[in-house]
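By letter and in written order, the chains are A, B, C, D, E, F and G; residue numbering begins at 1 in each of them.
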Amino acid sequence: MSAEGDHQTETVPDWKREEVADLAELIDTYESVGIVSIAGIPSRQLQAMRRDLHGSAELRVARNTLLVRALDDADDGVEELTDEVDGQVGLIGADANPFGLYRELEASKTPAPINAGEVAPNPIEIPEGDTGIDPGPFVGELQQVGAAARIMDGSIQVTEDSTVLEEGEEVSQTLANVLGELEIEPKEVGLDLRSVYADGILFEPDELAIDIDEYRADVEAAAAAGRNLSVNAAYPTAETAGTLLGKGRTEAKSLGLEAAIASPALADDLVSRADAQMRALAANIDDEEALPEELRG
Amino acid sequence: MEYVYAALILNETDEEINEANVTEILDAAGADVEESRVKALVAALEDVDIEDAVEQAAAVPAGGAGGAG
Amino acid sequence: MEYVYAALILNETDEEINEANVTEILDAAGADVEESRVKALVAALEDVDIEDAVEQAAAVPAGGAGGAG
Amino acid sequence: MEYVYAALILNETDEEINEANVTEILDAAGADVEESRVKALVAALEDVDIEDAVEQAAAVPAGGAGGAG
Amino acid sequence: MEYVYAALILNETDEEINEANVTEILDAAGADVEESRVKALVAALEDVDIEDAVEQAAAVPAGGAGGAG
Amino acid sequence: MEYVYAALILNETDEEINEANVTEILDAAGADVEESRVKALVAALEDVDIEDAVEQAAAVPAGGAGGAG
Amino acid sequence: MEYVYAALILNETDEEINEANVTEILDAAGADVEESRVKALVAALEDVDIEDAVEQAAAVPAGGAGGAG
């Protein structure tokens, strides 16, 4: 940092220089460095979030001009993040890679009510179910905002999942009231990752959303593929050797029954198979006269 | 049941399922052969695809097949 | 499978399942009887409780394919 | 069951399933080889499509085998 | 699969499943024996309860075996 | 899917599933390694119980396998 | 199982499944590579349509298989 100080004008006060130095250190320290939006987060909540991140990530809020300077001074293209320094933002650094950081921030978001005049960040839905609210004018309000609602069994019920506002539309006073009454909190409040930089790559949030279930399914598919290949190619591993023996045994049984090989190990199965075939044939015979009593339908 | 087994044997050996053949098998097995039942069986099997029926046994719980029909 | 069927006929008619009897049935059915297969079958069935085998088969949910024909 | 496995080995290695070959395998395995069973095996397999029979094993709803270890 | 069948034969004949025995069976079958595959098989089976694996497979309803007998 | 296989290798060898290790394996396999995919994989697998997923895959008739990428 | 996964990676990256390539991957994964197991794998896969083998559901683990690693 000291070398860099030389080409700054001397008018920069010490506290600013120190703050820039602190920010620069954060940028250097962590694997992933990102810009998060903190707009609309009350300062007490922000303190709590900062505490929760402790140990895995670090959040700094500073004047945007200082943030930009710190980013500009850093190496390897972190300066691309300056594009996102706009409005109420903070700088975050994490040991996790950008995907991990994104997940962590998403998981830390908490639901919050939405007010009239706000824009829906995602489609707002009123779920099917009993509202538990006694019959009254509320049913009309529900219908007014577009929910399928009616009075049933002595209370107001929503008869199907109803999307009442599309993403990007403005919340009306009535809708705000209805959502408040139902205690639906459609907003997610928390640190909103705008962009994150790691190992020379800039990641946008929309590339960072990963579906864990999909990865789990992939792991299962990969494990199944390994098992299948091991068994079907008869390349035994500790995990599949028993299965291979079982497969061999099953194949021998199948062949033995197919060829009616009178092996003692198959005698039971041959008898029951013959019995089953006899019964199956008998089941195709309509004339009861042709069958003994025990075979009549 | 021995009547039906007799039919199955004839089916396997590609012999005709007729009264004489069924009777001969049952005789050989020392069974009391009821002529009317042999007649009824032979007649009833005329319209049955035996291969098909036997294959059903594979799909059906062995043994359990009986009841249905 | 005709060998097995023959044995099961003998079981039904309460005759002994021995080589002579099995052979006689298959002969009557016009089959080419392979002596070794008769022998193997009779030997294999020696320790089998046929009633049991049939009942067990009924109990096991084989295949699971379900509904009978 | 060793007789059947012997046949399966010969099938895999594209060797003829005949009495001599089956016997040789079983001898190598230290089995007491019964000539008539070998004969019966070879006779039983004469008209059987082994590939087919083995593939059917794969089709078996193996579920029953029960949970993993 | 011939390597596995060989192991299954040894299991039936109560002989040890070791490289020498597996190799001998496969040799007798006229197979080109790949030493490394024999080794891999024997190693993989070391911690396997063979009876258990075989019994479970035996318990599976061979229903699918399908086709006529 | 090679990324996932790489992770499973590391799981088997008790090595850490991190970016460096996954990348090294894929490099060794001559794959064009996309750094961001490696990152996504490593982050995602942090929250996946791999042992559990592998066991599950074994318990379920693996048919499903085909599906995924 | 890591040997199999290594083969699957090579299959995905369209590289040849040979001893050198499998070994390189396992080395990169920090595994103790057993030459004979690599050899056995390559030999086992020689005539196998991997796509096919991967998609075809393997038999359900026959209990004894054991989860062990």
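Of note:
As a working rule, a residue touches a chain if its C-beta (ideal position, glycine included) is under 8 Å from a C-beta of that chain, and two chains touch if they have at least 3 such contacts.
What you see is a predicted model, and the numbers here were worked out from it, not measured in a lab.
Within the contact network of the assembly, the step distance from subunit A to subunit E comes to 1. Among the other chains, the CA centroid farthest from that of subunit E is the one of A. Set side by side, the interfaces A-D and A-B show unequal numbers of C-beta pairs in contact, with more at A-B. Between the Cα centres of subunit A and subunit F there is a gap of 18 Å. Mean C-alpha position of subunit A lies 32 Å from that of subunit G. Rounded to a whole number, the gap between the C-alpha centres of subunit C and subunit E is 29 angstrom.
Shared interface positions of subunit D, defined as residues touching 2 or more other chains, are 1, 5, 8, 37, 40-41, 44, 52-53, 56-57, 60-69. Among all residues of subunit A, those that touch two or more other chains are 222, 224-228, 234-235, 237-243, 245-254, 258, 260-263, 265-266, 269, 272-278, 280, 283-284.
Chain contact summary for the complex, subunit E toward subunit G: residues 34-37, 39-40, 43, 47-54, 56-57. By the touch criterion stated above, subunit G contacts subunit E in their complex at residues 36-37, 39-41, 43-44, 59, 62-66, 68.
Considering their complex, residues 272-287, 289-292, 294-295, 297 of subunit A touch subunit B. Residues 260-264, 266-278, 280, 283-284 of subunit A touch subunit C in their complex. Those residues of subunit A that touch subunit G in the complex are listed here as 222, 224-235, 237-243, 245-247, 249-250.
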